[in-house]
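Shared between the two complexes below is chain A, which has chain B as its partner in the first and chain C in the second.
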Partner chain A sequence: MSKTIESLAQEIQNKKGESIIKEAIAKAKASKEYNFFVTIDENASNDIKTNNLLSGIPFATKDNLSTKGILSTASSNTLKDYVPFFDATVITKLKELGAVNIGKTTMDELGMGGTGTTAATGVVKNPWDKTRITGGSSAGSAGCVASGIVPFALGSDTGDSIRKPAAYCGVVGYKPTYGLVSRYGLFAFASSLDHVGTLTRNVKDAAIVVDAIKGKDDKDMTSLDSSDINLVASLTEKLDNKKLCYIKEICNIEEYANPSEDLKYCLNNFKEVLKKCEQIGIEVEEVSVDKSLLAAIFPTYRIISCAEATSNYSNLTGIIFGPRGQGKTVEDIMMDHRSKGFCSLIKRRFIIGSYILQKENQEKYFKKAQKVRRLIVDKINDLFTKYDGLILPCSGSCAPKIVKIKDQKQDDILENHLAIGNFGGFPSISIPCGFLHNLPIGVNITGKVLDDANVLNIAYNLEKTMNYKNQIAKEQK
Partner chain B sequence: MKYIPTIGLELHCELNTKSKVFSKAINHYNEIPNSHIAPLDMAYPGTLPVVNKEAVHKALKMALALHCEIPKILMFDRKNYYYPDLPKGYQITQMEKPIGINGYLEIILNRQVKKVLIHDIHLEEDTASMDHYDDFSLLDYNRAGVPLVEIVTEPCLHSSDEVIAYLETLRNTFKYCDISDADTKLGQIRCDLNISMQEENVEKLGTKVEIKNINSFANVKNAIDYEIKRQTAALENGKKEEITQETRRYDDETKTTISMRQKSESIDYKYFVEPNIPKIKITEEYITEVQKEVPQLPAARMQKYLLEYNLSEKDAQSLIKDKNISDYFDECVALGINPQLAANWITVNVTGVLNKEDISIKEFYLTPKMLKQIIDKINDKTISSKQAKDIFNQALEEKKEPKEFFTSDNMQISDDKKLKEIIQNILANNPSQVADYKNGKDNLFKYFVGQVMKETKGKANPNITSNILKEELNK
Partner chain C sequence: MELNKKQVDNLANKLLIGLTDEENKMVLEEFAEIQQSIDLINEIENIDNVEPMTHPYDLYTATLREDEPEESVSLKEIMQNVKQSDGREIKVPKTV
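Coming up: the complex of A and B.
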């Protein structure tokens, strides 16, 4: 299953593909120790056959996407018995083309966390080194694609939830422009920041899948008409006149007071990537962005996402769906359901969100965060008048050790800048660009709204300069 | 000391759209419980609201009927709170930019026009309905997501009569615009009100008391009258502290209001902009288009009927209650029928038939033009009012135009010449009676009238007959 979608499709066409689905299911079952899956659909089969490349191709779906008749828990105990009766629009579209969903992937509970360690069913382990995290929240989706179980998986991205685990697992993570892909059926975390996207092992596969799932959806008012965008057709073998910029305050080692060896390595690696860009004719320039604006990314993200999350997840009461709580009054029943159902991180964020939305705090936090979000987006859009995109390292290190998660600093600019893509709804893609301690690291390209074709084409050409395309994770002993 | 009440009103009214405001479920909740539900109405994870254009259209129409300022963009907010009848844990409503602000509604009370100031009108969704039993409650999600408009007045009303006049005018306005059936019996209209008492000639308002969720106009009146009494008594007895800023409810059994919670316990609804609904531009063209659909409103018609046509308040009220009847009346007047005559015919004869046959005036066979045929004949004295009534009934029964019944057989004889001839003949044939009459037997006059009627089979116009008779007998 290390193959691309196109080569798998070729096999299927040559009648050699009957075992592909079974093989994917078997591999998924064999990956148990990594905890990529909440549910594996052992009966999944390719009933619908079409002429599309995706016909007969197995894939995995993040557990916060609604799948008809298949358990959808968002890795939360509040939904541990929830079997939806309708499909998310992306699932409907893929099913209609003949693609086969073989399972639901483990995630940080309700999409919150970013480490892959907060799922109700346990920690997701990195396929390159099981003592390390995958990153999250699309943890299982990144892990199962990196392991070669399926050629692609669906994920969701609210802050960096596709792109960060992609970088940590050595795969491609693509978050299209906000509205390009319908959110109908995605369990809303922070509606203004939520995106559905893909995890693949190469850029072209990402283009193939998003071409299949994008489009205006009557069920999602924020979805956009993109009938004039054809991502696969926009991939060209040569680039001309492309210009990218990188932010000095994030990428220059001089900006850091006591840089770790890992950080030095990552930023060096990034400079190597920039050289490769130039080799293929991409002009790269350094730009400066006010550090206080960059430092505001994390708190801004935290405020907006927590506020929207506390409201969005108010439907989790155990009254209509989910396990019914105990208690004499309705309030007690709801309280019991929520107290027992959520992990402590979720509860903390709900309290923060609720605090932020209080009348007396709204101006100070929520409204201010929205203003800052606007300032950041305006600044980036300003850059996009001169550049085709922004190129930045995904992280200052490789995937951390599971046991060291708690020591991680949360508010590093370098660790949080990917949320820029969510603030502006910008198309944003992470591709693998090297190894640190035998673990993958990634680089991110973000472009202007609806310029997905250009962003993907740049990533597609850059990918060719490196040897990480289609790589499968191997544990180093 | 005299105390004046100041009252503000919040009225919720369900719109008569085909589907719910944010889902495709049917908007009709009085059927089998939990039968009209889309996944969104029960807040299943992953569902998203999609704004119903018809609901926006109707809310906008109402905003225009209330002479409101319309915002340039349509947007929605979330009102967050936990309650079992609110499956999402928030209600989608309009806080920042209601569909209309700063409007007014004209009402008429004691033949005086008063403008009730509208603070705002906003579009929102209804909650599920609940039935409470001793140790359990039942939820019906048919109502969850039904479109509502909430209309908030300024505190500008000063008596329960004014409030009731406002509510009745508002209800008629909903019906006139075909926005809602506005049936309080079905719970389609619900009211919250706030009331404060202040000394006469003192500008500062007294402590505001809120009374929530009153479901009939009669109870609104009862609640206001009770509160006026309660608060006045407290003020007069120097017990001002008994009036606190609180929320009360109206109790139907005792006809009193009962405290629910103090202001300090009020809920913070944590409003914020609904992120799943993009801001939608409301264009001038669209507003103009909707404005054209707003009919002449009940208050304006009331003014015309009372002040221009001089109808009684009772007649005017019964014409206005139903827009179609009012339209019918207006058409009659436009055709040149005397307004009072038209009102009489419609409120008595036409309404009688409508009630008897349980039909609307739209199903009524006689058009204003046909009614005019009858009334014209009364006016030119060709038929008596009794004959008119007969022709009215006959025309209805046989579904024919009234003019087809104006035959010589039933036409009143008003022709002076013809009647004079008949009368002269009768007098010539009854010389002795004429002589007796002239000698003072006045009651023989009736005998002559009888003879004329006999001769004409009752079709002689009585007034003309009597005039000619007098003339001839006095010769």
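Coming up: the complex of A and C.
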């Protein structure tokens, strides 16, 4: 299963289709200690056969996407017995093409975490080193693709939830333009920031899958007509006149008071990546962005996401779905369900969201964050009038140790800039670009809205200059 | 503004979430750090006239479908996740 979608499709044409699905299911079952899956569909089979490349290809789906007749818990105890009666549009599209969903992947509870450690079913372990996190929230999706269980998995991305775990697991994480892919059937977390996207082991596979799942959907009023975008056909073997920029305040080591050795390594690695860009004809320039604006990225994300989540997840009551709570009144029943169902982290985030949404705080926090969001997006759009995209390191380290998660600083600009892609709905892709302590690190390219083809083509050509395409995780000793 | 235990419980009650004393304490501890982080937003100047951004871009246009009946999911399927029901009704304790 270490092959590309095209080579697997070739095998399927040669009548080896059923064994590919069986092999994926067997590998998923054998990966139990990593906790990639909430549910494995042992009966999954390729009943629908089409001429599409994805016919007979196994894939995995993040557990916050609705799958008809298959448990969909979003890794939360509040949904531990929820079985949707409909498929998310992305699932319908993939099924119609003959792709086979073999299971639902573990995630941070309700998507509200970036570590892969808050699922109701436990911590997701990094396939390169099981003492480390995968990152999240699309933790299991990143892990199972990196392990070679499936060639692609679906994820969702509200702050960096596809792109960060992709970097930590050494795979490609692609969040398309907001609205390019329908969100019908995705459990809404923060609706103005939520995206559906892919985790793959190479850029072309991401293009193949998103070509298949994108499109205007009457069931999602925020979806866009993208019939003029053909991602695979836009991949070219040579680049002409492309210009990227990087932000000095994030990428220059002089900007950091006490840089760690890991940070120095990551920023040096980034410089090497920039050289590779230049080798393939991409012009790269340094730009400066007001540091106070960059420092506001994380609090802006925190305020908007917590506020929207508090509202969206008010539907988790245990009355019409989810385990019924105990109590003498409806309020008691809902209180019991929510108190027992949510983990402590989720409760805290909801309380922050509720605090922000109180009438007396809305102007001071919520509206202000929305204004800062516009300033950040305007600044980036201004850069996109001169450049084809923004290139930045995904992180200042490799995947942290599971035991050290609580020590992570949350306000670091370098660790939070990927949310820019969510603020502006920009297409954004992370690809592997090196190793630190034998663990993968990644680089991210973000471009202007609906310029997905250009962003992917740059990533596709940059990927060719490095040796990390189609890599499979090898557990470190 | 500083939060106290009572205010945290009040916010939790509005959300229909019960907190243990330990969880309440965690909220209070975390709030100071959050307040500091949120204050970074207050350092951005001259934003009074900026329009709050509620959607990632401005090219969005809402369209309405034709008002024609469409096939919908059967009641039986919709009710299959309800733990206590009676026919097409969802059972809850008496409210009035």
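Basically, the second predicted complex is superposed on the first by the 477 of 477 C-alpha atoms of A that agree within 3 Å, B and C clash if a C-alpha of one lies under 4 Å from a C-alpha of the other, contacts with A are read in each partner's own complex, and residues count from 1 in each chain.
As a working rule, contacts are C-beta pairs under 8 Å (C-beta built on N, C-alpha and C of every residue); 3 or more make two chains touch, one makes a residue touch a chain.
Small disclaimer: the values here were computed from a predicted structure and weren't measured.
S.K.: Let me test your reading of the model: by the given contact rule, A:V377 touches which partner, first (chain B), second (chain C), both or neither?
M.R.: second
S.K.: Return first, second, both or neither, reflecting whether A:Y256 touches chain B, chain C, both chains, or no partner chain.
M.R.: After superposition on chain A, A:Y256 lies in contact with neither partner.
S.K.: Figure out whether A:G424 sits in contact with chain B (first) or chain C (second), or with both, or with neither.
M.R.: second
S.K.: Would you check which partner chain A:F342 touches, where first means chain B only, second means chain C only, and both and neither mean what they say?
M.R.: Once the two structures are laid over each other on A, A:F342 reaches chain C alone.
S.K.: Once the two complexes are aligned on chain A, which partner has more residues of chain A within touching range, chain B or chain C?
M.R.: Residues of chain A touched, chain B against chain C: more for C.
S.K.: Looking at the overlay, does A:T329 come into contact with chain B only (first), chain C only (second), both, or neither?
M.R.: Only chain C is touched by A:T329; chain B is not.
S.K.: Just checking: does A:A295 make contact with chain B only, chain C only, both, or neither of them? Give me first, second, both or neither.
M.R.: Touch status of A:A295: second partner only.
S.K.: Considering only the touch criterion stated at the top, classify A:I303 as touching first (chain B), second (chain C), both, or neither.
M.R.: Second partner only.
S.K.: Identify the partner contact of A:I352: answer first if only chain B is touched, second if only chain C is, both if each is, neither if none is.
M.R.: After superposing on A, A:I352 lies in contact with chain C but is clear of chain B.
S.K.: Just chain B (first), just chain C (second), both, or neither: which does A:M221 touch?
M.R.: In the superposition, A:M221 contacts both chain B and chain C.
S.K.: Using the superposition on chain A as set up above, list the residues of chain A that contact both chain B and chain C.
M.R.: 82, 85-86, 192, 218, 221-222, 310, 314, 317, 319-321, 330-331, 334, 354, 358
S.K.: Report the residues of chain B in contact with chain A in the complex, numbered from low to high.
M.R.: Residues 39, 42-51, 78, 80, 82, 84, 87-90, 137, 139, 268, 270, 272, 275-278 of chain B touch chain A in their complex.
S.K.: Considering only the defined contacts, which chain A positions touch chain C in the complex?
M.R.: Answer in residue numbers: 81-83, 85-86, 178-179, 192-193, 218, 221-222, 292-293, 295-296, 298-300, 302-303, 310, 314, 317-324, 327-331, 333-336, 338-339, 342, 344, 347-348, 350-352, 354-355, 358, 365, 367-375, 377, 410-411, 422-426, 449.
S.K.: Where on chain C does chain A make contact in their complex?
M.R.: Listed in rising order, the residues of chain C that touch chain A are 3, 8, 11-12, 14-19, 23, 26-27, 30-31, 33-34, 37-44, 47, 50-57, 59-60, 62-63, 65, 73, 77-78, 80-84, 90, 92-93, 95.
S.K.: For the complex, give me every residue of chain A touching chain B.
M.R.: Contacts found on chain A: 64-66, 72, 74, 79, 82, 84-86, 88, 183-188, 190-192, 218-222, 307-308, 310-311, 313-315, 317, 319-321, 330-331, 334, 354, 357-359, 362, 366.
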